[in-house]
Amino acid sequence: MSRLNIELPGLNLKNPIMPASGCFGFGREYSQFYDLSKLGAIMIKATTVEPRFGNLTPRVAETSSGMLNAIGLQNPGLDKVVSNELPWLSQYDVPIIANVAGSIEEDYIEVAAQISKVPNVHALELNISCPNVKTGGIAFGTIPEVAKQLTRKVKEVSEVPVYVKLSPNVTNIVEMAKAVEAGGADGLTMINTLVGMRLDLKTGKPILANRTGGLSGPAIKPVALRMIYEVSQAVNIPIIGMGGIESAEDVIEFFYAGASAVAVGTANFVDPFVCPAIIDELPSLLDQLGYEHISECRGRSWQEHGQLANHRA
Amino acid sequence: MSRLNIELPGLNLKNPIMPASGCFGFGREYSQFYDLSKLGAIMIKATTVEPRFGNLTPRVAETSSGMLNAIGLQNPGLDKVVSNELPWLSQYDVPIIANVAGSIEEDYIEVAAQISKVPNVHALELNISCPNVKTGGIAFGTIPEVAKQLTRKVKEVSEVPVYVKLSPNVTNIVEMAKAVEAGGADGLTMINTLVGMRLDLKTGKPILANRTGGLSGPAIKPVALRMIYEVSQAVNIPIIGMGGIESAEDVIEFFYAGASAVAVGTANFVDPFVCPAIIDELPSLLDQLGYEHISECRGRSWQEHGQLANHRA
Amino acid sequence: MIKKELCKIISQEEIANDIFQLTVSADFVNEINAPGQFVHIKVGKGLDPLLRRPISISSVDKRNSQFTMIYRKEGKGTTLLAEKGPGMLLDILGPLGNGFPVNEVKPEETALLVGGGIGVPPLYELSKQLTSKGVKVIHVLGFQTESAVFYEKEFLEYGNTYIATVDGSYGKKGFVTDIIKELEFDCLYTCGPTPMLKAIEKQYSHKKVFLSLEERMGCGVGACFACVCKTSNELEDVSYKKVCSDGPVFRAGEVLI
Amino acid sequence: MIKKELCKIISQEEIANDIFQLTVSADFVNEINAPGQFVHIKVGKGLDPLLRRPISISSVDKRNSQFTMIYRKEGKGTTLLAEKGPGMLLDILGPLGNGFPVNEVKPEETALLVGGGIGVPPLYELSKQLTSKGVKVIHVLGFQTESAVFYEKEFLEYGNTYIATVDGSYGKKGFVTDIIKELEFDCLYTCGPTPMLKAIEKQYSHKKVFLSLEERMGCGVGACFACVCKTSNELEDVSYKKVCSDGPVFRAGEVLI
């Protein structure tokens, strides 16, 4: 009946729209604006074993059609997330995807083991791609073999399916994707931010205290689409796509490229209602384009017309 | 006396502003708008041994604050460039930087050997980073050892200094930069375009006939700045910076990051007068910021204040 | 000479469903030398959208230093353009390209002007100039549906005007190619969707035909190689043409479409 | 409740050099609960600029469902904002954050309001509310130079008003901190550049002081962790505060500035 429901490993999504990790906290703030049960899922802020304060401020800088952030994985730590945030979120009928981060392998494993036991956590998102932490993080996301090992170890302890979040800051994204697939990943989420920088005109110094930061927003959409296009043809696991999405049209474009669901990050800051607005707009956009179900859009950019199960009439 | 002149290997620039390769043809079109002698230099369109038609159309697609192109190195070929285009350009008092491209090593070597003999060609720009050609091109730009070898061989035959144009589509830009420096490069130009894609909402297919294309324009500026920031601290050769520049402020930001001169690409399409406009605006911007000469801005983002020769009073 | 000018909007009006007629004043009207030339418009002041939009000149009023364009509200750029009102300034680059050669047909001869949808506008100035030279003109204009039809009356002033709509809601049902089969002419000028141009080129390979092409553009002035098409004669010295600076009007057979 | 509303611009005026006073009508004025709260404004419709801009509420007119802001034309966003005129719509998110606690000072007591530059505006509504409660207010306002001075007359209506300019072109030459040394008060409220806030915090560590902080923001609602500051007590349960949702006003000593 629904035209938007999507089944993915561990995730029974009423619609394929979810806020991206780090752009929605643990949901509390946006619950002031609308009923979180409306969302397909929620990707919560990265969680580490210990609480983290993150980087010094300024932590954000604007760029043309984008923004840089260098939050540095600030979060209240595993215990608090498990004891406060997730129970609070359980009042909503929405699956949670827990973003798991760390500096060393053991960190990831511990967070994954614990957080995957929480009932409303339906999947993990392994954050091997945060550009804003100095140790560990970034290397996991750029060396295929390291990413594969980490995925395997996390899979061993996780009680729910594991999605691996890929960094776009690599020469060969397909190689990375295949490595984590070989490591047992149930799905991919992509893309994380591109490493970027802005300088202050008056001082000549970096605007961000961390100097560099992660570029997100519409500026990176073409890069995200290209990577999803390449990866979706090379792996057999689903992709949750993200990078600059701000409209229902963008969602369809990501599906065409090969995504099976999408996440919305930066756009929440511009319009706190962007996720429900997109969800509401999708059915009429599907009508306009002649699709019965959103899944018909998936991979159209590379599928032969014959290959499509439900081809547009 | 001038506040904008810059000396770089092979290049005595009256100002550090030049149109980027591929965004200015061979200068003829823009000579309708202003006297090309006003420019610091001109980076001409990539030249290959044989004439090339390039990719099918559509070859451009718009993105948020950027554009994708997949021209495919269309050019009239080495002979025509040497016999028609360069002599025509010699009427202007402006050094030419010849962008050298090819599919195999021998191509680069042949173009470099021939074109570097032309009197108004003051430097070469080795294009090892074009994302829109199927063979060769991209690999040269992503494997350090290959890039180094190519640089070395081109250096052997070139009669003018060689700048190597780096691709941003790599995991480790510093490694690439160091490799070509070790190969003998006299300078670097960076960045070329990021590989990206757009899909047509109605058909679901890629907008570009070539499917993917190179992302340029303000959207990529933060990535360019970050890479120049990293590379300028790691090498001892100068960088001509580019990627999204459209104003005098942008130029200063690139200098702060570590560039010694800059190129303007996409912005020429938006405003054909953008280069002379920037050149005219720079002196008053320098006044406003308190610099005597634009070179004082170079590398301010990473230099200790003490290190600067001409520190702001 | 191509100029970049901040042009004041004189009027803007929706003349059919999503079809807007926009008149601006510009010093560079004196530089316009043929019907079918176009301009490149920066729709907003900031970076969104980034690129200029190519729009044909549909009529020129040199006395008042004004020219008119007709465009369809399609995507982001034209939607923003449609929101502008009189008095506002538009950053326009123009005139660009080479237009229809009016001297290819002699007084008393018959010119057939065939337009499809948003390819119709440049034919209007062409019709004006041909008739003022004493050429007999016939117009065949194709549209999707009744609500998309525009300028029938205006064209009628200069000559016979046949209208076709794809759904038959107005004029003759079908394509312009169905109508022109039955018409006699000395020279054909056409602008519209590529399939229409192809059909016409094929049908009249023995006739004098001029086509106006469309292609996605970067610079609009010939510098970026975005808008090229192959020339028919692969042996020619230069085997491609740029729609923006060599075209948009080509003689049929000159380029591959 | 935070609302997102398309607010109509009632008036906009340049009241000092590059300083603009902007009044809009908004249903959400009823939700404003303290002076010092702010709003987050989407300056343009498209993507340029992308992020909202935080601007303080400088006075509230609940009867007419209007509120006023005063801002300095600085960069891209505020420059675009300054071009808007009456009747235009602005996408505003608000009210945001926690403002100055007016109940921390009793009637007949003295409140010292210290503002620097563009930190002055929120103090105006604060002054209104304090005086209407019977609190005695003294204002000390610092500006760069004469041409940047604004609202002296308006503040004078509510209490003594001292002006300092850095270059001495108006009022007393120097910084606000020079002036306040000589004043007596029960509670100090301040908003302005960080060095000023630091100096005040240090000077009056024994007094009741409330500071309004500024930080670059992403979401403005507490979700993105862009705008955090450390709390002074590292042992506390949560060792940080968010300027946007816990602040922008903090009690001196509560956070590290």
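Residue numbering begins at 1 within each chain, and the chains themselves are lettered A, B, C and D in the order written.
Note that contacts are C-beta pairs under 8 Å (C-beta built on N, C-alpha and C of every residue); 3 or more make two chains touch, one makes a residue touch a chain.
Since the structure is predicted, the reported quantities are computational estimates derived from the model, not experimental observations.
Distance from the centre of chain A peaks at C, each centre being the average of the chain's Cα atoms. Of the two interfaces, A-D and A-C, the higher number of touching C-beta pairs belongs to A-D. With centres taken as mean Cα positions, chain C sits 36 Å from chain B. We define each chain's centre as the mean of its Cα atoms; on that basis chain A and chain C are separated by 46 Å.
The distance from the centre of chain A to the centre of chain B, with each centre set as the mean of the Cα atoms, comes to 34 Å. Residue positions of chain B with contacts to 2 or more other chains are 63-66, 217-218. Of all residues in chain C, those touching 2 or more other chains are 47-49, listed in ascending order.
Taken together, the touching pairs cover every possible pairing of the chains. Put simply, chain C touches chain D in their complex at residues 44, 46-49, 80.
Within the complex formed with chain D, the residues of chain A that make contact are 22-25, 28-30, 32-33, 45, 51, 53-54, 57-67, 69, 71, 74, 76, 207, 217-218, 266, 268-273.
Interface of chain B with chain A (complex): residues 63-66, 68, 142, 169-172, 194-199, 201-202, 204-206, 211-212, 215, 217-223, 225-226, 229, 244, 249, 252-253, 256-257, 289, 297, 300-301. Listing the residues of chain B that touch chain D in their complex gives 64-65. Interface residues of chain D, counted against chain A in their complex, comprise 1-2, 4, 42, 47-52, 93, 215-230, 238-240, 245.
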